[in-house]
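Shared between the two complexes below is chain A, which has chain B as its partner in the first and chain C in the second.
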Partner chain A sequence: MTVAIKGAGITKSYGKRRALDGFDIEVPEYAITAILGPNGAGKSTFMRMLTGMVEPDSGTLTVLGERPSWQNNRRISYLPDRARWYQGHTVEKAIEWGARLLPEFRKDEAWELAGSLGLEADLETEGMSKGQEARLMLALCLAREVPLLILDEPFSGIDMLSREKIVAALIDSFSTRRQTVLICTHEIAETESLFDHAVFVNDGRTALAGSVEDLRAERGSMQDIYRRIYG
Partner chain B sequence: MNNGQFAFLIRHELKLESCKRFARSWYWIYIAAVAVVLFVAVAIWGGAEGLKSEYLLLFSFGLPFVFCMIAFQKLKREWTGNTLGWWLALPYPRSRLLLAKLAASFGLAVGISVLFFAGVAIVETFNLLVHRLGFGGFGKFVKLELHFLLILVVITPIMQALGLLIAAVSKSSLRPLTPLLWITFGLFGNVLNYLNGPADIEHGEAWGLFGGSVTGWIWLAVPVIWLVAALLFAGAVNVCKKYLVL
Partner chain C sequence: MNEIRVGGMRFALDLSQPLYEQVLEQVRSSIAKGEIALGEKIPSVREMAQALKINPNTVMRAYQELERDQLTETRRGQGTFITTDADKVSHIRHRLAEEAVEEFLARMSSLGFTAADIANILRAKGGEG
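Our next item is the complex of A and B:
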């Protein structure tokens, strides 16, 4: 197995609180990996580390063979946790923003994705529902042809129909390109079928990791495993 | 980051708030109301010994504070708008990302200053016309305005670099330093006050800018002021690189 992301003994503290506590992870290349765990498990801290936004206090981390840095972000498409889009933009301006600032951004693909996600060019972010905004941000991420896609809670706080549209867009995207994908989510029921690999995080450590197929054969569905670990 | 991308980032920073602000109709209603009050006041109380347009220039003493807050808001907005993740994950060095904010803030500051002094010049023109005072002293008035404008342009980078630093520090593990920086804001922002000292315009006893005695030496301080601005900016970059609490 070729590894796209490798972390060993990563720790990160915010004051007295330890977000990551000797976290180990290996994310296989060209697989769709789920990072699962309850709130406060350290998932988003780890996701931010991948793009160099947060530095580990100790431990080692390599992303696509390099240490996280702004330079490495050229090869990473990242959907931040709890993100919103810039107020005052329309869908058209957001796509222009992506085309001008994000390397390997495919404008045609962004328009295609926006269309399939029900977003019109003149739709303003200020008038968007949370679901529409989430779809816009996902379209911007999926329109980049980069080796690594990181989605931090792409379904958080949005309605069922938007979630379904996003999952459909993800399935379409994953079926047409070779890309390593990392998704952090709570919505296991709707997304379980997407994953090849899963990492369960608990109290800043890896509680369980492996191929979804193997985990299912040994321990039941992802939801069952989730309940057993965190329930 | 190539020049085109940097220019786009500056335009992005400029457009986000400026367009929104100027699109608000109530904003223009307030500006129009203030203009009407000013013109009426000048028409009634203006003239050679009455209400002088120079008094309006005193409002510019508040501009350094406004300019600092513009830069502060440009960075703070990334947190309040939940766009921080997009901004920090851009594949460009933090120095360039912050420089784009500084450049946009500076552009806005220059724009606001030019509009302010042009507005005051229009009021002065109106005063001269209505009270039939002739345009003999208008050149001197414009020169005084230019002095104010030049000093504002010189000190704006320091105020705006400070604004970025305060915004970054307030979201970092160095947060306890924030009160000290706000005190610095209060001290630095009073530069026009310091230059004018006890200006008594009415009796012609002013010194500093109104007396015209300060402009000779103030320009010698320019390199020092800009060096301090560069240090403050470097501090903001460093905080954004290493100390942010996300």
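Our next item is the complex of A and C:
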């Protein structure tokens, strides 16, 4: 197994609170890996470290063989947990913006994705539903031909139909290109069938990690395991 | 567990068991039951993953196993097809029958029935045994 992301003994404290407490992780290349755990488990802190937004207090972390940095970020397509748009933007303008600013952005693919995700060109970003925002962000992320795709809570708080469209777009994208995908989520009911590899985070550490198919054979569904760890 | 139809094939996946084995078994039994005909084209990895809403790697792994068993063959640029060899299908049917009987025998023996008891029950039920 070749590893795309490797972290060892990572710690990070905010004041007295330890967000990560000796966190170890290995994310295999060309697979879909899920980081699972409830809010406050340390997932978001780790996600921010991948792009260099947060520095570990101690421990080591490599992403695509390098230490996180803004230079490395051109090889990463990152879907943030919250959307921010320019004022007066539409789907069309957001795609234009992506084509000008995002490295390895494929405009024709972005349009294709927008179509399959049910987004009209003149839809204004102001006043979009959470589901529409998530779909537009995903279109911009999937339109980039980069080795690593990171999705931070792509399913949280969005409607069922948006969720289904997002799952379908992810399956299509993953079928057609060799890419490492990392998804951080606390919603696993409808998404666990997408994962190759799972990492359960609890109190800033890895509680359990492994191939999802092996975990199923040994311990049952990801939902069952989740209940046992956090219930 | 919802039943999903993909072409003539039926699938019902249980997330508490390895999915690759289930996809493999369910395609195999579709072939054995004739839900999908000899020489018929099967959905691409992408189509199957999309229909079942599962990871394409999982479908790929099941398809590779089918190919290893020579139940399917991939033709360059055309897709993957069920074998045209009827012997291979009858072999699979035979194997599934054996598995079903083994399961049945194991259950009967766990209930405390002997081979003679089982034969009697089968005769009484089936009549022509």
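Observations
Everything that follows uses one rule, which is that the second predicted complex is superposed on the first by the 226 of 231 C-alpha atoms of A that agree within 3 Å, B and C clash if a C-alpha of one lies under 4 Å from a C-alpha of the other, contacts with A are read in each partner's own complex, and residues count from 1 in each chain.
The criterion applied here is as follows: contacts are C-beta pairs under 8 Å (C-beta built on N, C-alpha and C of every residue); 3 or more make two chains touch, one makes a residue touch a chain.
Note that the structure is predicted; figures quoted are calculated from it, not measured.
After superposition onto chain A, partners chain B and chain C are found to sit side by side with no clash.
In the superposition on chain A, contact of A:Q223 is made with chain C only, not with chain B.
In the superposition on chain A, A:L194 makes contact with chain C only, not with chain B.
Once chain A of one complex is fitted onto chain A of the other, the partner contacts of A:Y14 are limited to chain B, with no touch recorded for chain C.
By the document's definition of touching, neither partner reaches A:G157: not chain B, not chain C. Within the superposed three-chain model, A:R82 lies in touch with chain B and out of touch with chain C [touch as defined at top]. Rounded in steps of 10, the angle chain B-chain A-chain C defined by Cα centres in the superposition reads 160°.
By the touch criterion defined above, A:S175 reaches chain C but does not reach chain B. Once the two complexes are overlaid on the shared chain, A:G65 sits clear of chain B and of chain C alike. Between chain B and chain C, the smallest C-alpha to C-alpha distance in the superposed model amounts to 27 Å.
Shared contact residues on chain A (touching chain B in one structure, chain C in the other): none found. On the side of chain B, the complex with chain A involves touching residues 4-5, 8-9, 12, 15-17, 19-20, 81-86, 88-94, 242, 244-246.
Chain A contributes residues 31-32, 167-168, 171-172, 174-176, 190, 192-196, 213-214, 216-217, 220-224 to its touches with chain C in the complex. In the complex of the two chains, the chain C residues touching chain A come out as 13, 15-20, 45-46, 49-50, 52-58. Interface residues of chain A facing chain B in the complex, by the touch rule stated above, are 14, 48, 51-55, 70-74, 76, 78, 80-88, 97, 100-103, 152.
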